Amino acid sequence: MSFLHDYVYYIGAFGLVAIGLLIILVKRNLIKLIIGLSILDTGVNMFLISVGYIRRGTAPIFSRPGLEPDGMVDPVPQALVLTAIVIGVAILALALALAVRFYKTYGTLDLRKAKELRW
Amino acid sequence: MRATVGLILLAVIGVGVGISLLAIPFGAPKTEIGDYYIENAREDTGATNVVTSVVVGYRAFDTLGEVTVLFVAALGLGAVLATAGGKRGRSGVEPASLILSAGNIFLFPLILLFGAYIFTHGHLTPGGGFQGGAVIASAFLLVYLSSPGKRINESGASLTESVSGLVFVAIGLLGLTHGTHYFLANFLPKGALNTLFSAGIIPVIYCAIGLKVGSELAGVVDNLMEETE
Amino acid sequence: MIIIVSLLVLAMLTAAVAALIYRDLLSAVIASCLVSLLASILFFFLQAPDVAMAEASIGAALVTAIFVIAIRRTKRYEE
Amino acid sequence: MTEKADRTGSRARDIVYLFLVLLITWLMLTSSLHWQEVTTGAFLSLVLALFLARSYARLGLPPLSLVRLWRLGVYFLVLFAEVVKANIDVAYRVLHPRLPINPGIVIITTELSQDVAKVLLANSITLTPGTFTLDIQGDKLLIHWINVRSEDTAEATRLIAGRFEKHLKAVFA
Amino acid sequence: MVSPVLLLAVPLGLALCVPLVGRVSRRAAGFVPVIASLFNLVVSIRLLPTVLEEPIVANLGGFPPPFGITLFAGPVGMLLSALIALAGLVVSLYALSYIKTGPTVRYHTLYMLLLVGATGVVLTGDVFNLFVFFEILCISSYALVAYVGDRAGIEASVKYLIQGALGSALLLIGIGLLYGLFGTLNMADIAARIDSVDSVPVFVAMALIVVGLGVEAAIFPLNAWLPDAHSSAPSSISAILSGIAIQVGLYAVVRMVFTVFGASSVLLFFVFLGLLTLLIGELCAFAQNNIKRMLAYSSIGQMGLIMFALAIATTGSVTGGLFQMVSHTLSKALLFLAVGYMVYRSGSLEISSLEGMGRRMPLTSFAFTIGVFSLVGLPPFIGFPSKLLIVRSALAEQGVLLQVLIGLVLLATVIEGAYFFRVIQTVYFKKEEGQEARQDAPPMALLSMFVFVAFIVVIGVYPNLITDVLESGASELLERANYIGSVLG
C-alpha cells in the first residue's frame, strides 16, 4: 500500500510514456503514430505535475482571504505543463494536417508505403 | 527488428528514469523557487492565482514563446493544407437536426461569454487565456458541426490573431520603456487583491491570449475541415 | 483515496493500451480521449485545477475533435 | 411610421434582449455585484449582443418578464423532480433480476410552436433517464423509450411529454 | 544600452505584422524578413564589443535570477545571433525572387519565426525557455519542409515531425527530471548546484536532454530525417536548415553539456560520436547522385567535424569548432542557394543534369565553386583557416589516440573533396550536347550569393577579423564558473 502511495502517479505517468513510445515504435499507421504522440505528451505532463505535488497540499490559489501559503503545491510545474499542453496541441494539429496531405498524396496512411525518398 | 530495438530502448529508458525517480520522492516538500513564488506572488504581481502569476508574470516570456508556437502551428497547418490548391468547399456533410442547430444558436453567445469569463478571471480563479481560448474555439466547433456550410470569417480571424499577438509584444516593449526598464515588466497599477481590475498587465495579456488562442484554434479546425478537391 | 487514485490510473493505462490495440482508428481516438479525461481528473487530485481545465478543454475536447475530422478526411481503419 | 424605422426598432429590441440574457448569465457566473464585475460583464455582453443579436432573434424567444422567469424556474424544479423519479425507476429496472424493460421507438406530438421550446422539450426528455429524443420533425418527436407502455401517439405523448409541456407552454405563452 | 531582448521582441512583433502587410500587398510581405534580419544584424554587431568585455544578462520582467527568465548574451550568443541575422538577411533577399508560388505570406511569416526561434535558443539562459524556442524553431521547420507540397516534401516533413516530436518529449522529461532534482530552471543555477546531487540521475537527465536536442543537431544515430528534409525543402529553406537550424541544435547540446552539466567525463564519447557522424556523413554523401541529398549528407559530416572539434575541449579546438560553424553556415548556405537555381533551370536533381551549367549559368556556377572550395578547405577561403585551426589544436594535444583520429578526419576531408570535385567537373568540364542559351539566376539571387562569397573570401584572407570573438566564445564555453558568476552575481 505504501508503495502505491509513493509511486502510483509516477507509474501512471511513465506507463503512458511507455505506451506512447511503444505505439510510435511499433505502429506504421500515421494517425496511430499521432495518437501515440498525444498519449506520450499526456504522460510527460502527468510526470511534471507529480514532481510538483506535495502531500496534503492545496492548490496554489488564494481564492479566499485568510488562506495560508503553507502547504500549497509547487506552482512552477503547473505553469510548465500549461505551456507544454499548448505546444503539444500545436504539434498534433500540424501533424494531422500533414497526415491528411500524406493520405491525399499516397492514398494510404502507411508510412512504409511511401518510398519516394529511399536512396 | 524495429520493434525489438524499440523495446530495448524502452527498457533502457525505463531503468534509467526509474533510478533517477528514487532521487525525486513523490510528495516531498517543494523547492525554494516554488516557496518564493507562493510567498511573494501576491505582492509582486497582484494575482491571487499563483499559477497565473508564474505563467504571465515570472515566466511571461515562456508564454510569449508558447503563443508563438501555436501561431507557427496554425500558420504551418494553413500552408500545408493550402498548397493543394484547387476548389475549396465542404462536401458530404448533411445539415444537422433542429436539436443541434437551434440549440447551437442558443448556446453560442453563452459559450463565448463563458470563455471570456474564464480568461478575464485568470488571475483570480483557475483558468486563463488558454483555457478560455479553447472554450471559445469549441463554440466555433459547434457551429461547424451544426451548420457545415458555415465558414469562419478568415480575415477577421487572422486580424484578431495578429493584433492580439502584437498587443502582447507591445505590452512587453512598454515595460522596457516605462518605469522599470525590463521587458514584460508589470508597469500597470496592481490594484486591490481579489478584484477583477488588479494584477496590472496580467488580465490584459490574458485577454489578448484568450482572443488569440480562440481565433487560432477555431482557424485550425476550420482549415482542417476544408475539403480541397 | 489511494484506492480511487489507483483505480483511475489503472483505467487510464487500460484506455491507453486500448488505443494501442484497436485497429479502428476512431475507437483508438476515443480511447485516447478517455486517457486525457482521466488524466485531467488526476490533475485535479494533484491540486492542479488550472492544468486540469486546460487538459479537459484542450487535450480531451479539441484534440479529439481535430482527430475525428482528420480521420473523416482519411481512412477509418488501420490496414 | 416607415418600414425602415420599424426594422431598426426590432433590431434594437433584439440587441437589448440578448444583452439582458448574457448579463444575467454573467452575474450568475461571477455571483458578485462588485462594480468592476458588472461593468466588465455589461461591456462583454454588449459587444457580443451587437454581433450576435440578429441570428439570436431567429430563435423566436418570447419577451423577457419576471413572470416568465418565475415560470422557467418552476419548470426547472419540475424537470429536476422528474429526473430524480426517472433515475430511481431506471435503476429499479436495471437491478431487477428479471430486467422488466420493453425498449422501442414511439412518436409523440407536441403543441409547442417555437423551435426553442421544442428543443427544450426534446432535451428535457433526453435528460430524463429512460427516454431519449432521436429527432424532431415538424411537430413530431421521435423518442427511444426503454419501457414502452403505449404505442399510441396520444397516450405516449401524455406519458412522456405531458409533464413538461404544460409548464413549457406557460413559459412560452 | 540596447537590451538583447530586442533581438527577439522586434522580429517577433514584425512577424506578427507580416499577415497584416500581406493583405495590403503580397509582395511587400517578403521585405519584412529583410528588415527584421537587418535590424538584428545591426543590433548584434553593435552589442558585440560590449559583450566581449562583459556578457549582458537581461532579467525579463524585472525578476532576478533564478526567479525570472534570464537572457544571457555572451560572445557565443552574440556571434551566433549575428550569424543567424546575416544568413537570414541574405536568404530572405534570395527568397524575394525564389519564392513565387504557394502561400507566400505564410512562407515569409514562418521563415521569420524560424529565425526568432533560432535566436531565442542561442540567447536564453533558462532550460524551459530553451525548450519553448526550440519548439518554435522545429515546428516552423516542419511546416517549411512541406512548403512545396510535393510527394517528397510531405514524406520528409512527416518523418521529420515524428522524430522531432519524439525528441521534444524526451527533452521535456529530461527538463522535468532537472527540475525535480534541483528545483530550478535557470541554467546557471543548475550549473552551480550540479555537484549537490547523486551523479546517476543527473546523467540520466543529461542523456535524455542530449538525445532530445540531438535529433535537431543531427548527431549520428538520430539524423535519419536530415537528408530527406534538407533535400526536399525549397532551396532557400535548405540553406537555413543546413546553415542555421542544425548548428543551433548543436549549440544547445554544447551549452547543456559544457555549461550546465560540466560533464568533462563524457567528452571523449562525443569525440568518437563526432568522428563517426563525420565519416558516415561523408561516405553517404559520396554515394549520392542527387545533388541536394549530397549537400545534406555533407552537412551531417560537417556537424560531426564541429562536434569533434568542440568535444576535444581545449581553447584552440573550441575556437576552431566555432570558426567551423561560421564557415559552414556561410559555405553551405551559399551552396544551397546556388544549387537552388541550377536545379530550377535544369529541372532535375540529378548531378548528371548539371552538365554544362558552367556555360549556362556562369555566375551561379562560380559562386557554387567558391562554396565548394571553402567547404573542402582550400585557401584563401574561410574553410581553410577553420579546418587548419581544428587540425592544429588537435595535433597539439598529446596522445596517440587523437593523432589517429585526426588522420581519420583528414581522410574524411579527402572523401569530401573527391565527391565535390566530381560535381565541379560535371558543371564545367563535361561536354554538352545541345547549346542552350545563357540564362543566369535573377539579379537579387546573384546579389545574395555574392554577399556570401564576399564574406567567405574576406574572412578567409583576414581570419583575424573574427578570431577575437571566437576565442572569447571558446573561453565562455569552457569556463563555467564565469558563466555562473555573471548570471547569479
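Going in written order, the chains are labelled A, B, C, D and E, and every chain counts its residues from 1.
Assume contacts are C-beta pairs under 8 Å (C-beta built on N, C-alpha and C of every residue); 3 or more make two chains touch, one makes a residue touch a chain.
If you're wondering where the values come from, they're calculated on a predicted model, not measured in any experiment.
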Among the remaining chains, which ones contact both chain A and chain C? B
Cα centroid separation, chain B vs chain C, in Å, comes to 19
Centroid of chain A to centroid of chain D, CA atoms only: how many Å? 39
With centres defined as the mean C-alpha position, give me the chain B-chain D separation in Å. 32
Centre to centre, by mean C-alpha position, how many angstrom separate chain A and chain E? 29
Specify, in ascending order, the residues of chain C that touch 2 or more different other chains. 48-51, 54, 58, 62, 66, 70, 73
Of all residues in chain B, which are in touch with two or more distinct other chains? 13, 17, 24, 30-31, 33-34, 37, 49, 51, 59, 62, 66, 69, 72-73, 76-77, 80, 84, 126, 128, 130, 217, 220, 224
Residues of chain A touching at least two other chains: 9, 20-22, 50-53, 59-61, 72-73, 76, 78, 80, 82-83, 85-87, 89-91, 93-94, 96-101
When you check every pair of chains, which ones turn out to touch? A-B, A-C, A-E, B-C, B-D, B-E
Chain A-touching residues of chain B, taken from the complex the two chains share: 2-3, 5-7, 9-10, 13-14, 17-18, 21, 24-31, 33-34, 37-39, 41-42, 48-51, 53-55, 59, 62-63, 66, 69-70, 72-74, 76-77, 80-81, 84, 124-126, 128, 130, 193-194, 213, 217, 220, 223-224, 228
Quick one: which bits of chain C touch chain A in the complex? Just the residue numbers, please. 2, 5-6, 9, 12-13, 16-17, 19-20, 25, 28-29, 32, 35-36, 39, 42-43, 46-51, 54-55, 58-59, 62-63, 66-67, 70-71, 73-75, 78-79
Sites on chain A touched by chain E in the complex: 17, 20-21, 24, 30, 33, 37, 40-41, 44, 47-48, 51, 76-77, 80, 83-84, 87, 90-91, 94-95, 98-99, 101-102, 105-106, 111, 114, 116-117, 119
Could you pull out which chain A residues touch chain B in their complex? 6-7, 9-10, 14, 18, 21-22, 25-26, 50-55, 59-63, 65, 69, 72-76, 78-80, 82-83, 85-87, 89-91, 93-94, 96-98, 100-101, 104
So in the complex, which bits of chain B are touching chain E? 13, 16-17, 19-20, 22-24, 30-34, 36-37, 44, 57-62, 64-66, 68-69, 71-73, 75-80, 82-84, 155, 158-159, 161-162, 165-166, 169-170, 172-173, 175-176, 180-186
